[in-house]
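Paired with chain B in one complex and with chain C in the other, chain A is shared by the two complexes that follow.
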Partner chain A sequence: MAIKQQKFDPIEDATFQVANKNRGWSQKAREGALKRLSTMGMPSRRDEYWKYTNPTELLTEKLSVSPVVGLEDANIFSELDALKIVFCDGVFNPDLSDDLAAENIIISRLEENGDLHWAKNYYGLLEEKAQRPVSRSLAALNTAIASDGALIHVKGKVEKPIQILGIRNNTAEAILHHVIKVEKDCSITLLESGPFAKRLNSVMEVFLDEGASLEHIRAQGRDHDRLAVTHVFADIKENAKFKSFTLSANGMLTRNECVLTLSGDECAAHVAGASVGDGKSFHHDDTVFITHDAVACESRQVFKKVLRNGATGVFQGKILVKEGAQKTDGYQISQSLLLDEDSQFLAKPELEIYADDVACSHGSTSGAIDEEALFYLCSRGISKNDAADMLTLAFLAEAVEEIENDKIADIIVEKISAWLSRRRN
Partner chain B sequence: MLEIKDLRVNLEDENKEILKGVDLSVEAGKVHAIMGPNGSGKSTLSYVLSGKDGYEVVGGSVKLDGLDILEMEPEERAAAGLFLAFQYPVEIPGVGNMTFLRTAVNSQRKARGEDEISATDFLKQVRERAKSLQIDAEMLKRPVNVGFSGGEKKRNEILQMAMLEPRMCILDETDSGLDVDAMKLVAEGVNALRDAGRGFLVITHYQRLLDHIKPDVVHIMANGKIVKTGGPELALEVENNGYSEILSEVA
Partner chain C sequence: MASFESIEVKDGVDQETVDAVREVGGAYKYGWETDIEMEYAPKGLNTDIVKLISDKNEEPEWMTEWRLKAFNRWEKIKEPKWSMVQYPEIDFQDQYYYARPKSMAEKPKSLDEVDPKLLATYDKLGIPLKEQMLLAGVETADNGEQGERKVAVDAVFDSVSVGTTFQKELKSAGVIFCSISEAIKEHPELVKKYLGSVVPVTDNYYATLNSAVFSDGSFVYVPPGVRCPMELSTYFRINAENTGQFERTLIIADKGSYVSYLEGCTAPKRDTAQLHAAVVEIVVEEDAEVKYSTVQNWFPGDEDGNGGIYNFVTKRADCRGDRSKVMWTQVETGSAVTWKYPSCILRGDDSQGEFYSIAITNNHQQADTGTKMVHLGKNTKSRIVSKGISAGFAQNTYRGLVSMHPKAKDSRNYTQCDSLLIGDKCGAHTVPYIEVKNNSSRVEHEATTSKVDDDQLFYCRQRGMDEEEAVALVVNGFCKDVLQALPMEFAMEAQQLVAISLEGSVG
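Up next is the complex of A and B:
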């Protein structure tokens, strides 16, 4: 009798992991997530929610290890004075990290297995809520088996930006789960960068209390073979402000989901992304789901993608305005700049509105470089390549301008410029 | 300085002949004007000179200081000293006017093997030249031509010309859409640049610009050719009698 090769089953694997390791205070949440996961199953190409992105590569077993990216290379924010929390191969690394003790903020790691932790009541909470109306199995999988993560509790004025930095040495996989809670009227700037792993599954749950604010700036890049699925979940209370910007360059398959609930009156959520991709193997997917569940809230989605040499960009963005969420102001724009005819941009903007006093707008476009503008620049002596780069940066500007901190915005622009000029060589 | 010989140009897409043998020479220090009815090929000539795509040169030659510019890329022509003030300046959202100007100045310097201009010298020059064209600091900060009025766009073209200091300036209907005051401002900007080493080709539909920028030579263009050449009095003839008389005269 032939022995049939057993296919790798992520749920079976997760079941084994959860059963065989007690993770202390987070164990109960992990068991709950595993239960959800078993009911939902893993995503497949047949799911409407994965119509444009094939999840298969995010689910297969064991990846071969690929070249190492060192810390210096990973940290595009190195010129900023930030408090660094470093994860190496998916595990917190105290030697590479800064001293986590700082005023008005409590930072700890997920792998602290005591029975009590402030994050006990928060870990997995938003992920669980976000399983309706669509399943996000990979996020539930993350909650169940995350190897580590940063738990950040902001209780007052924080001097420096906090930076989550990921590097890789030996392991191809990393599953990280971060929980950020910002107390009333407090604020934090959170940077996130690094290759983390060849295949990264990351979840960040953000809880913003009344009047709290978070500016999240993330850079994905410099890792050409990146496979990543990330989820940012946020619950935003009255008068709070959530901002998240992601720069994505290179990589193979990246799915960034952002699921936000505006649950307190007069709060705001801005999410933006600039991605640049080159080559047939580049597939970048931004999936955003914003729920307005309070009065007079504002949400903004600004996504821009530059695609060339057969790259694919995907945008799925939804604004759901619940009954009673009057005076909602929702804005969504997704645009692609296709530098050749082989590249493609697939967009699915959606509005679902159950309130009557609402202003929502969305738009999606795909276009090539404006030849008239290109000629105008060249006629002034600017080389065709430089002119094309200027127009490309100009195209991305609307997304980059969403970053409030000018210094950080400058770094992002510099990185994009460097990427553009590297493509020339 | 600029020598155009029997220049014949087709539209690339339609195989339609637009320039049907243009002969024209502009000497250093001189201002030549081209006048002519709409559709006669004036803008086409200016685009072909500056290297825009979409046209096929099927005959003739163009030399700038003895160099064959038809073989050059637009940016090389610019670095060689050619400048076109566009009839319809393009709006470029997301590119700041100042960044654009500095990049243009430095790109040309680099192409000529010169050092980049220092940030302070550049700022000083821009402020000075912008001021005389009544372009304020706020306009300089805005994206190139975005939200500019017609007059502001034309003044911005002249500012670029003043900053780039080209040897051969082509102005395509820089007067169109300008009121009298704006036209004076633009003319002053052009006149300030007149010198013995610089040539001008001023394309205009009307005579009035030539009251302010006095031409040395006036050409009449019709149906893709220069049909008549004369002194400044030719512009007045157009003003008084219109094009039809001149055209029937040469037909």
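Up next is the complex of A and C:
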């Protein structure tokens, strides 16, 4: 008798997982997320919010096991002295990680049982808030069934950068959910890199108290078969400062969403991204939603994409200035450098403004390398390849310059240069 | 306008701007109605009404079939909800789809036979229909050389065209300018060939509705190589209550021709909202050029947001031939709700599309407007300049698409959209879509004033102006050009807007 092939239903799967495993303190939040998810449904190409990126591949049934990517390849920040938190196949690995005990900071993992945890009141909170005005079902799915994650509570000055590192061994899928809370006037540098899994669904919720600051630097690279959807949610209080930079190279489908709320006066949020893509299978999507809900806040979005051989780059960015959020300074730029005829750039840079004393600007451009600039450099004795690389790096510079730490910026530039030199004509 | 007096204007917005907006958005001058005996089709919408409209216009069978097909489709589709406007559900069965003055039951053969009440209506609106009046009023009597100042008008009153001026003179130039109902009868081959070829019946909810029930509108055909000897214009007037106006305009500019077309519209003050769903189709053949200017001044509703026109319009130009050119200029001041995206399909190589828009919303007005530039041909160019001004409780959205197809090599787009908010209860939004699918094209979307032509800025700075002054001069100079490009009849109204400065504007 033939068994009827049932289509994989991620919601059904999540319902089963939530019902069959008690996750202690996070269970209630997970049930709530599942409920949201059931009403929202899964995204489809027909949704305006997924106009330029097809979510189908993020929703299909379990994938086959992918090739191993080891720790060395995953850790592009290896020359930095950082405190490593390593996830292998989507689960915390204590053997590969450093000792998590450090001054002024409490690090624990999501997959810890028990009924009490400081993160209980925070887990899933920003994800839930971010479901309006558009649903972000994949983030709700993450809250419901996340397998592990880092919970970081910063209570003072942290000397070393904290590094979340992912490697993959024998599983195709990882669902990670991190919660970071930075107390008043404290600060942290957070590094994130590694392939984690062939298909990654990652959520990071960041709570910045008054005067707190966080610098987040992320690298997505080397894993050419990557399917990733990531969400960074942040709530930024008075005088706090949030910075996030992402370098994306390669991969098949990457959707990085960043949802920030500036809820305290005079706070700042900067998000930047540099992505380099090669080949028809490369599809990279940056989706940013910044809400100004307080007076005299500053936000900055800088996204640069270098695309070649039929690669696709997407940018959807929105600045929402709520009524009363006067003296807002919002800036947004999205640019693409198309290195050949087949690549494409699709952008939707939006502004929604309900306050009259604001300065918001957005710009978006797309085009090829400037022939005149190329000619100028060549006439100075620089080879065409070097000149093209130089101009490409210069194009990406505005995004890379958002990184405050010079050492880290150098590493990023080095990686981009290497990527370019591997693709010389 | 109490709401206006009480608001605090922030630094940087000059008083002139505020006054200009107040003037434009202030007392609605065209709010009176004409007391005239009307004839209505029964309320509601069904196949019988569609047939009745077709019947009233004495249409051939193929046209009736065309309408019915549209109606069948319309019944199956849903009203779009994606725009940033909010209004109560429209009851499509609670209004009239056809209304005409009784005196128009038998079509007058010339303007002399038209009901004087109707003529008086247009006079009062400042649109004299009698040619001798036009000649006397607009021209100096003895100067025949200034013939290009003449404007031929097709006057549409509710569902019917009242009359079209200067038809004889246009005919001698080979230009066909008449109401669309007449064109269906007189020039079926042209109508059959072009109607629905730019905006297909299936295009969108309101275009489909229009296809089913359009009652009248204008038809223009300019033959190859002809430069239309005068401006053509259509003046739309809604007079009847609870009546929707659905007009259809079809403009064909054959190879190497040129035509400038203007559109104006007003409606009486009423406290219930009225629907206006028009379709404008423009076909531009090789080397032809069309200029289409609109001053949209439908009744915007009162200060509390009661009444007004719901303006859901589909306008599109198809630049089919190489080197063809189309230019949309719009000044949007009226309507309670506007939903309008005059678009250009740049199919021919080297074709050009331009879109200049000033949208002003006040009180409870809502506008969601912009353009689409679809680049299909090589070396095509488009330019978008949009200025949105929002005051009171109004919401003003720019929504636009620039699409460079893979084959549109070496194409170019420049977009600039600025918005200005006056008061802290209104909103201004920008929703641009940018799709670039080849690398030899350049697309720039700018909303910052710093990106005004650097050479011009440098020149001004060199003469001792500070940067802000220089920017204002350059941008205002450009804006003035646009407004002055408007034909004289509209220029008066639009000139008031020139005073609006860019200071304090947001992207």
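The definition used in the following text is that the second predicted complex is superposed on the first by the 421 of 425 C-alpha atoms of A that agree within 3 Å, B and C clash if a C-alpha of one lies under 4 Å from a C-alpha of the other, contacts with A are read in each partner's own complex, and residues count from 1 in each chain.
We adopt the following convention: a contact is a pair of C-beta atoms (placed from the backbone, for glycine too) under 8 Å apart; a residue touches a chain by one contact, two chains touch by 3 or more.
Just so you know, these numbers come straight off a predicted model, no measurement behind them.
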Superposed partners chain B and chain C on chain A - clash or fit: fit
Chain B versus chain C as contact partner of A:Glu323, first or second or both or neither: second
Which of chain B and chain C A:Gly114 touches, first, second, both or neither: neither
Partner chain in contact with A:Asp386 - chain B first, chain C second, else both or neither: first
Chain B versus chain C as contact partner of A:Asp357, first or second or both or neither: second
Chain touching more of chain A, residue-wise (chain B, chain C): C
Touched partner set for A:Gln344, first chain B, second chain C, both or neither: second
Minimum Cα separation, chain C to chain B, after superposition on A (Å): 12
Shared contact residues on chain A - chain B and chain C: none
Chain A partner contacts - residues on chain B that touch it in the complex: 50-53, 73-75, 77-79, 83-84, 86, 89-95, 99-100, 103-105, 107-108, 111, 143-144, 160, 164
Chain A - residues contacting chain C, complex: 48, 323-324, 326, 336, 338-368
Touch list for chain A against partner chain B, complex: 370-373, 375-384, 386-387, 390-391, 393-395, 397-398
In the complex, chain C residues that touch chain A: 10, 82, 84, 406, 409, 419, 421-448, 451, 506-507
